[in-house]
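The data blocks that follow each hold one structure.
Both complexes below contain subunit A, partnered by subunit B and then by subunit C.
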Partner chain A sequence: MNSFKKLPKLSVNNIPILTTISIFFLMYAAASIMFPGFFSLYNFVNIFKTNAFVGIIAVGMTFVIISGGIDLSVGSVVAFTSIFIAKMHQSYGMPSWISMLICLGIGLVLGLSIGCLITYFELPEFLVTLVAMFLMRGLAYVVHQGTISIQDDPFIAFMKRTGIRVGAGNLSLYVWVFILILILGILVSKYTRFGRNVYAVGGNESSAVLMGLPVKRTKVLIYVMSSLLATLGGIVFTIHLASGKPHNTIGLELHVIASVVIGGTLLTGGAGRVIGTFFGVLIYGLVFKLPAYISAFREWWAQILVGLLVLTFILIQTFVAEKTARAVES
Partner chain B sequence: MDGKLLQNPNPLTKRFLFVLAGLAAILLLNLIISPEFFQVSLHEDGKIRGNLINILNNGARVCILAVGMTLVYATGGIDLSVGSVMATAGAMAALMIRPGYLQGLPVANPQPPLLLIMAVPLLIAMLLGLINGALVALVRIQPIIATLIMMYSARGLAVLMVEGQTPTYHGVPFTKLGLGYFLGLPLPVWIAAAVFLITVLVTKRTALGVFIEAVGENRKASRYMGIRTRLITMGTYVFCGLCAGLAGLVHVAGESSTSPYNTGNMIELDAIAAVIIGGTMWGGRFTLAGSIVGALIIQSLSTTVYFQRWPYEYSLVFKAVVLIVVALIQSEKLRAYAAQGWASIKSRRAR
Partner chain C sequence: MEEILKVSNLSKGFPGVQALSNVDFTLNRGEILGLMGENGAGKSTLIKVMTGFYRRDSGDIHFDGQAVDFTSPNDAVRHGISTVYQEVNLLPQLTVAENIFIGRQPMKKRGGIDWRELNSRAENAVAKLDLDIDVTRPLNTYSVAVQQMVSIARALDISAKVLILDEPTSSLDAAEVEQLFTVMRRLKSEGISIVFITHFLDQVFAITDRITVLRSGKNAGEFTTEGLSRMDLISSMLGKEFEDLDASRWGSSLGTGEGDPLVSMNSVGKKGFIFPFDLTIRPGEVLGLAGLLGSGRTEIAQLLYGVEKPDEGVLQLNGQETALSSPRGAIDEGMGFCPEDRKEVGIIPELSVRENIILALQAKRGALRYIHRKEQEAIADKFIRALNIVTPSSDQLVKNLSGGNQQKVILARWLAAEPRLLILDEPTRGIDIGSKVEIQKLILELAKEGLALLFISSELDEVVRCSSRVAVLRDRQVIGELDGTDISESQIMKTIAETA
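For the complex of A and B:
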């Protein structure tokens, strides 16, 4: 019993997140020293703006990964949402807020299907979400095959225009959606029964079942939430770009998973924090901003850099987790 | 041990017949929609042409990928990086054929030996597979994450190698790999057949296949039995990388150019779908023949969509639906639910 009291549970939760925060400040400082003009409020606001949609999706993914699952479909959901809204606007003159509501409905159905297939039919989550990923990508192409830009839509214009001026930048209304979702995510994970169930399911599913927790309902809800937030992210993405394209955001799932993992959430489930994901998203945004100052093939260097960063974090986590396991045993 | 296996026939044999029936059904559907789908003709130059041959020819890549993926899947893993590894191998081959491409030089003359052009990309593909395997077996990262990272890193590598351009190399001997014919059939078909046969011989005629299944079924127990589980797991990823590299060479040879963006894009779904439709269990019994038929089913779907003059991306929707339906049919839970439902209907009737 004694050893349980000494169990350094805090360290599993705290070491990765402290690493994350210090890495963020180190990288930011290094970039500011190396590249004149990098350190500006405008730049920071911009990182925030371009990655707001990643952040929204990452909040959902944090819950999925804490529960021990994975959701590969998010990138395709964003692509589908953006082209659907654009197409509805172009062909039928549908106001964007209506098509956004329709998209949220589609996201709800998708999340429910994913959740039910995983929990009630016990199909592996990578299979189900991989199928969802290709299904939504295919449907995006079925909707339309080229780029459509959205012009003169009052709702999108309103969301872009309205905001709070910060220095030379403008924190538009849709960026505040991200901050709102972030705060809600933190509250839900900490202070609701659902939030605690997510940790319990990820920590040890069979124990959670034996404890009488509603494991199946929790898991379905997690995937519903992830799909809904992916759709919301897609809506924010559409507002940000004011256009739709079916081959948008290929590879977004890796970036979102990377943000979550860099934010200190354990891939094995059971441990992690939504606030960590916030810093993970900022680091990710920073990494993708850096190569613009270095080389022409920026995206692909950043791609490899993100991969290496994720690997490093996984290694740190494995190390911490093993130490903890040893501490528990001894 | 052999005798015992014969007494309990492989449950996959029965399933294999279902898979074959599935392929027949798709082809039959095509026959009903458009009878000309089945026209096959022997041309004067000794080449057989027609949609069925196209399915075999274009399906060769997915068949090669599916063979490697089957072994990885049987160990309880998955490899999402195969498409990107194809692109990396293709980019390497392009650089071998046109070493001065980035300086704007044409195809090297004389060409380096064909064996060398093939060997270097395949080695690189195996190296990427080794990294996957090491991350999974030694660092113990979930296969899906490790290979997802590789999926984007290898794609990035391919793009960087040719600086985002598309080198072309029409008419060099290397392109025979994708365009050549042998005994009336396209060369890729023969390559796929060779990969399949060699893999079947190596896995089913030696204990290797049983070891792979054992590792997938229960890693711990296998290790206590003395199986070198890490070596086996890593080996399957290296082999999967090799298969991906070979598929990449066949692909870029057939195109006579390497597009770092399009080579193998989204083909991982095809490979995984082929394996699952074929009936291989995630961590357990595997059937290479099933995967080949699965690959042909997937390719038939693609060819059907193409034949109807729909854009390629539409086939993603069909494949996704077919895959989830097959996975559901195979799921034991669905059978249990069905049995429950049937029982309740019966009892209600009895009342």
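For the complex of A and C:
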């Protein structure tokens, strides 16, 4: 039975994450060499700041995608959250931290509803979250149709002001929320039964049921988590811009999904890492920062580049899937 | 004897199929019970209903003296029933260790999964099965046999009162089976009750205390294993007398084929894969490959079918030198290959029985030459009858068939493709004894019609019965060829042993 110990190779399952990290370093190195002045802490801090909310949402999306699902509602949730907080502040003078808590409550209810519809009524994830996407976008317009900026809210001001100086930049408190969520996400995915069950559900749902895992509970929790993190992302987004409008972040869900895929998570479910998503978000952030450096590199080129990156990862995944299938044969 | 699990009057129907009707089932404390029956008899369904995967239509289940109604396999596990389901595939991307412990991971005092503890416990768990593998590697880096052992290790590690094993030995070799039996005997002596499902008669007789037989979803018999004759057990399963075939050698009626060889392989080999060998197959003959698991039988098939490329030797098809670089090319040359690992490359669960059967034929004729519905139905019905496939109609989705019947569908697919050369790798694995004979008869018939067959099987009696010639393998090497009256189980064993 010793022959079972063959196949001495670097596990193919690690290829996606290694690719992500390599691309990350390559791109940052290339950008630093090509554009003098790019390599600065200030820049880095800025990429962090503008993408903190994307990162928070992407952590939730990573769990969703690992479980084999999808959540299209996150962009609308952000829009709703931002306009809700702004409107409550403007019309009723409600302190933002209270409206933020209310939003988290709404996020919880939304996530629970999405999760239950998917799990107990066996509706497709795609459709349920599509409905949620339209619902939340519509509700955002119900709250208010225009832009509202938030002035002199003590909590928001505090969050923006307080932070750690890093070089010429300031890592505000809300950026630390992203880092905290990231660390929590990594720990949950690696060290809790829930986290491991997410992989099981995405790997093979019917096997997971037969193995006696609490599949239904896990699925509901995943969507609760995604909606809550989308709301939290919305809160960070609102703090960052100190304003709200209902047509914010249209299509954000697709950007988030792209970041997760670039982070090496399999769209087919069952594999992926939260830390990969971290790098995915930073790669994504960098690509959209390039137009500021190369005048010929316009925003649409950034889009095309992202498309190519996603394509690369889909190809890698196909390759990995094939490799593992072969490994099974031998 | 004290009853640990008692089922009475249990019924379960699916659309178009009454899988179980008024079934009674008793498992005593500390016994090993064999659950037998033909493909589609309802064995797996009974297990799934008892453990809460399906809801029952009617009937009572008592576990440990109490009426129970499990709502999910998870629920059953928590009450102390641990099950290896027939189709369990585990989670290929996770490590072996995690597959054994997921859902029950050891936790650190301060919270969080204790991975070190988990891995070391996993090492113990596989060591108990004499399995020498690295538990920290992903499950998908190991063979199907190892994966099956891992699923058993998982079930064993749940310290349960009842252990249910649904065809756990279908991919295992003799040594692995023996190891499993050792563990089962130990568990039994610890007072654990075990339900064991298999189609291997030898195994049931070797390990069980009692045997319960199902036939078409009904109780067909209950026996004490000791003193039971094989014939009585088989008749109870089939519901009719069964001709004893042990001695017959149908393959001898074939002669050694006619005319020029269809396939001739001259010193074909591949480094680290299989040593160079010579083989010829003529139309109208069945060439059997005999040897232990891992002796190189499947490797020969893979070289012939273009799955792997040889690095030396000459392959001639119909007298012409050919280099096959892919299965596609082999199919174009008129070959068919029914692989050993049918779960992976086999059925398309969401398609109907008819569509699954027609698949290879359609591919061969080309997508443009659509096979008419009428013809499709005729072909499907022919094979459903010939192979004894239990299904309400040819429009049933394949995923709703029993495990053994799904295998028959794959076999039918390759038979329907009308190849010139058909490679069958373990075609009767997981198939009940009655259908096994039907399939063996079919193989002979096909050969008589002029088909060339390469027949691989771990069951020697089957190789002996069907082959017109037998090539014997050991350690990835062809070590001898037998024909005519030389073909017998003892002669094959002797060849394997002698050259050692």
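The rule is short, and it goes like this: the second predicted complex is superposed on the first by the 313 of 330 C-alpha atoms of A that agree within 3 Å, B and C clash if a C-alpha of one lies under 4 Å from a C-alpha of the other, contacts with A are read in each partner's own complex, and residues count from 1 in each chain.
By our rule, contacts are C-beta pairs under 8 Å (C-beta built on N, C-alpha and C of every residue); 3 or more make two chains touch, one makes a residue touch a chain.
Note that this is a predicted model, so its numbers are computed, not measured.
Engineer: Classify the contacts of A:307 with the two partner chains as first (subunit B alone), second (subunit C alone), both, or neither.
Structural biologist: first
Engineer: Let me test your reading of the model: by the given contact rule, A:137 touches which partner, first (subunit B), second (subunit C), both or neither?
Structural biologist: In the superposed model, A:137 contacts subunit B only, not subunit C.
Engineer: With both complexes superposed on chain A, which partner does A:34 reach: first (subunit B), second (subunit C), both or neither?
Structural biologist: Neither partner.
Engineer: Just subunit B (first), just subunit C (second), both, or neither: which does A:254 touch?
Structural biologist: After superposition on chain A, A:254 lies in contact with subunit B alone.
Engineer: In the overlay, answer first, second, both or neither for which of subunit B and subunit C A:200 touches.
Structural biologist: Once the two structures are laid over each other on A, A:200 reaches subunit C alone.
Engineer: So in the superposed three-chain picture, is A:184 touching just subunit B, just subunit C, both, or none of them (first/second/both/neither)?
Structural biologist: Touch partners of A:184: none, neither subunit B nor subunit C.
Engineer: Considering only the defined contacts, which subunit A positions touch subunit B in the complex?
Structural biologist: The touching residues are 70, 72, 117, 120-124, 126-128, 130-132, 134-135, 137-139, 141-142, 145, 246, 251, 253-254, 257, 261, 267, 297, 300-301, 303-304, 306-307, 310-311, 314-315, 318.
Engineer: Spell out the residues on subunit B that touch subunit A in their complex, using ranges where they run on.
Structural biologist: Touch list, subunit B to subunit A: 78, 135, 139-142, 144-145, 148-153, 155-157, 159-160, 163-164, 266, 269, 272, 276, 282, 311, 313-321, 323-324, 327-328, 331-334.
Engineer: Mind listing the subunit A positions that touch subunit C in their complex?
Structural biologist: 1-5, 7, 11, 13, 187, 190-193, 196-197, 199-200, 203-204, 207-214, 270-271, 324-325, 327-330
Engineer: In their shared complex, at which residues does subunit C touch subunit A?
Structural biologist: Subunit C residues touching subunit A: 53, 72-74, 76-78, 83, 85, 87-94, 98, 102-103, 105, 111-113, 130-134, 137-138, 140-144, 146, 154, 175-176, 294, 341, 344.
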